[in-house]
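Dropping the structures in below, format is structure tokens.
Here chain A shows up in two complexes: once beside chain B, once beside chain C.
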Partner chain A sequence: MTRFLTLTLSACAALGVAASAVADGHSNLDLEGAVKSRKSVMTLVSYHTGVLGDMAKGEAPYDAEIAVAAAENLAAAASMNRVVLYPAGTEQGAIAGSRAKAEIWSDPTGYDQAATTLQVAATDMVVAAGTDLEALRGAMGAVGSTCRACHEAYRGPRN
Partner chain B sequence: MRRVVTGFAALVVVGAGLGVWFSRPGALPDAFAAEMAAHAASAEAGAMVFHAADCASCHVAPDGAADVLAGGKAFASDFGTFYAPNISSHPVAGIGGWDLDSFARAVTLGVSPSGQHYYPAFPYAAYQHMTAADVADLFAYMQGLPASDVASLDHAVGFPFNIRRGLGLWKAAFVPGGYVADMGDDPVLKRGQYLVEGLAHCAECHTPRNAAGGLDTAQWMAGAPNPSGPGRIPGITPAALDWSAGDLVEYFTSGFTPDYDSAGGQMAAVVENLARLPRSDRAAIAAYLLALP
Partner chain C sequence: MTRFLTLTLSACAALGVAASAVADGHSNLDLEGAVKSRKSVMTLVSYHTGVLGDMAKGEAPYDAEIAVAAAENLAAAASMNRVVLYPAGTEQGAIAGSRAKAEIWSDPTGYDQAATTLQVAATDMVVAAGTDLEALRGAMGAVGSTCRACHEAYRGPRN
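What follows is the complex of A and B.
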């Protein structure tokens, strides 16, 4: 049993090395850099969502100028071109620190749709944020459910 | 894995020695049945039980409509892959032909109408705490949901785990007799305990398991490896999670963490369900978590 396991594991490891060699062959990108950059985009998203969220919750005073600026940056972060950010071989388990589920690559249409939904919600937020607090609160719900839906399908648990 | 197999095999041998007594499927207590019969069941109240118990999170089809409990979702584990069954109101494919007592026995004792033990992928260890009124309300609500004629899938579970009778021993060994945490008599904490340890079955993911798959109650809610893939399910004790009551309630409502990360994975659906409960229930859950050792 132990020997069988060892053999199987060795075979898997060998395949894994071969697979990452193939992935490297297809991409000249720095995979660790891609993971780091994705996380930076997420930091941008959460910071600006926080500025808007604190206003929605009443923890910060509503300020149209700041709200619009935050929404514009959120929309910009959501519009980053994902081709360079999500190269093959950067899913959770394949590279340190990643929480990206393999479904991002096995279901590219679904992932694209989820990412586009955030772009739409963020663009709507730009308008709502400049209107009034009530509109901002309404748009916040859409942003929140977008985060949840995408993280439900495409982000794995903490490492 | 080898440790797991050895552990289970040892259990099976011990069980044979003690005879089959401990593995027999439990019967629904008469008092529980009488209490349900005396209760005027409300489908509206049952909807709240349904959401609090997260039934849909497991029992809707992958990519299926949110109120059709057709089953089919796969749950990988060390013991094999379990498939959520059809529990829609269909009389043959689902549970539309069941009576209330059968439903209560299934939910609170993990025993099928034909007297078979269910696998603990079905969180009856938590649902054992469900009140008679909540079970009756839940049944009334679920029987009003749409029917699906999709047949349930067989679990992909190998020997010895495919011997269902053995699950009786597992239950005797690992289903806690009562509540795990000591919450005293405070009504808010008691409500939180009913929701966390009972309906919402939080421990099923947030508490680590021993080699035989039983919850390690000494590490209650301390976090655990993800049973179905890479990564870890976070600990939610005050020691593991430095959130205020307000932070917790906000997370259960909008899904946002204090630093505006959002709920994901299985927890996204949990948050969606918790958000439908009265705010007082979300506050009770927060109070319970903050009172944990």
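What follows is the complex of A and C.
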């Protein structure tokens, strides 16, 4: 682990935005706002992963500044504290628009692990994206497989 | 400035997600995706500010865990690297749905200052939100005034 990566992970811890259990006893949150906000996090993950993916596939020229920015924003989105984004009562079926499986609440440790895996992949990508195109390509697989694994386990079917 | 705040600001710097100029010469980005992603950042800012505001107004009970989480996510949203979110050609009038004034590109220093002001207010809020309701209320004004000032200077009329 490079010093930068160590620093970056420490940074997440200092910000307190690392993995944390989903909410279970907080009943005064705006549930529709929480669902909309989760979708916003996913939009940000998708957009920034797409920017990196386009470079990896050669569909956009490699640009270190843009690639690092995209990886940083991916890491920031992945680091969002979930206690305020996943209040009880926002699983699929309980509220319109949600595709969050009940397993997010019944298996919070597993979900936290999945989220942490994306944080680590994104943090690795910050370093790789600033190195060169080959390094970016090498880091892309971990980002993509993390997305797929989490969606399979914790995202329900289309509403 | 408390040690925690210093650490937190250092954390932002270590993550590289602190203020940075908007993009001007990157032409291969998904412009619609950038606009959608900026709206997602605003959704996240609005939701988490609302969670804190509800507590400040007494419309929701003070809950330190939720308040800190909301402030952390507000800080993460405010820290997003703008080089990939504000590509040239995404100002209001140039692309559907954008309310980003041309001043964001013509006055990048001013815009960076406005964004940094929100980062600082959000970082202060992380500390305040974990202290008590009175501290949270005290930190709320800076968050609200930052939102208003930036919207007045850099957000165009409704489309």
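By definition in this document, the second predicted complex is superposed on the first by the 133 of 159 C-alpha atoms of A that agree within 3 Å, B and C clash if a C-alpha of one lies under 4 Å from a C-alpha of the other, contacts with A are read in each partner's own complex, and residues count from 1 in each chain.
By our rule, contacts are C-beta pairs under 8 Å (C-beta built on N, C-alpha and C of every residue); 3 or more make two chains touch, one makes a residue touch a chain.
Keep in mind the model is a prediction, meaning the values are calculated, not measured.
**Q** Which partner chains sit in contact with A:A60 here, chain B, chain C, both or neither? Use first/second/both/neither.
**A** second
**Q** What is the contact status of A:G156 with respect to chain B (first) and chain C (second): first, second, both, or neither?
**A** The first partner, chain B, only.
**Q** After superposition on the shared chain, which partner residues are touched by A:L29: those of chain B (first), chain C (second), both, or neither?
**A** Only chain C; A:L29 stays clear of chain B.
**Q** Mind working out whether A:V68 is in touch with chain B, chain C, both or neither, as first, second, both or neither?
**A** second
**Q** Determine, for the superposed model, which of the two partners chain B and chain C contacts more residues of chain A.
**A** Comparing chain B with chain C, the partner touching more chain A residues is C.
**Q** Scan A:T49 for contacts with chain B and chain C and give back first, second, both or neither.
**A** first
**Q** Between chain B (first) and chain C (second), which, if any, makes contact with A:S106: first, second, both or neither?
**A** A:S106: touches no partner chain.
**Q** For A:V126, decide between first (touching chain B), second (touching chain C), both and neither.
**A** Second partner only, chain C.
**Q** Which partner chains sit in contact with A:T116 here, chain B, chain C, both or neither? Use first/second/both/neither.
**A** The answer is neither, since A:T116 touches no partner chain.
**Q** Which chain A residues lie in the overlap of the chain B contact set and the chain C contact set?
**A** 46-47, 50
**Q** Help me check something: in the complex, which residues belonging to chain C touch chain A?
**A** Chain C reaches chain A through residues 4, 7-8, 10-12, 14-17, 20, 23, 26, 28-30, 33-34, 36-37, 39-41, 43-44, 46-48, 50-51, 54, 60-61, 63, 65-66, 68-70, 72-73, 75-77, 79-85, 126.
**Q** In their shared complex, at which residues does chain B touch chain A?
**A** Per the stated touch rule, the residues are 1-2, 226, 229-234, 250, 254-256, 259-266, 268-269, 271-272.
**Q** Residue numbers of chain A touching chain B in their complex, please.
**A** 1-2, 5, 42, 46-47, 49-50, 53, 57, 92-93, 99, 140-141, 144-145, 147-152, 155-159
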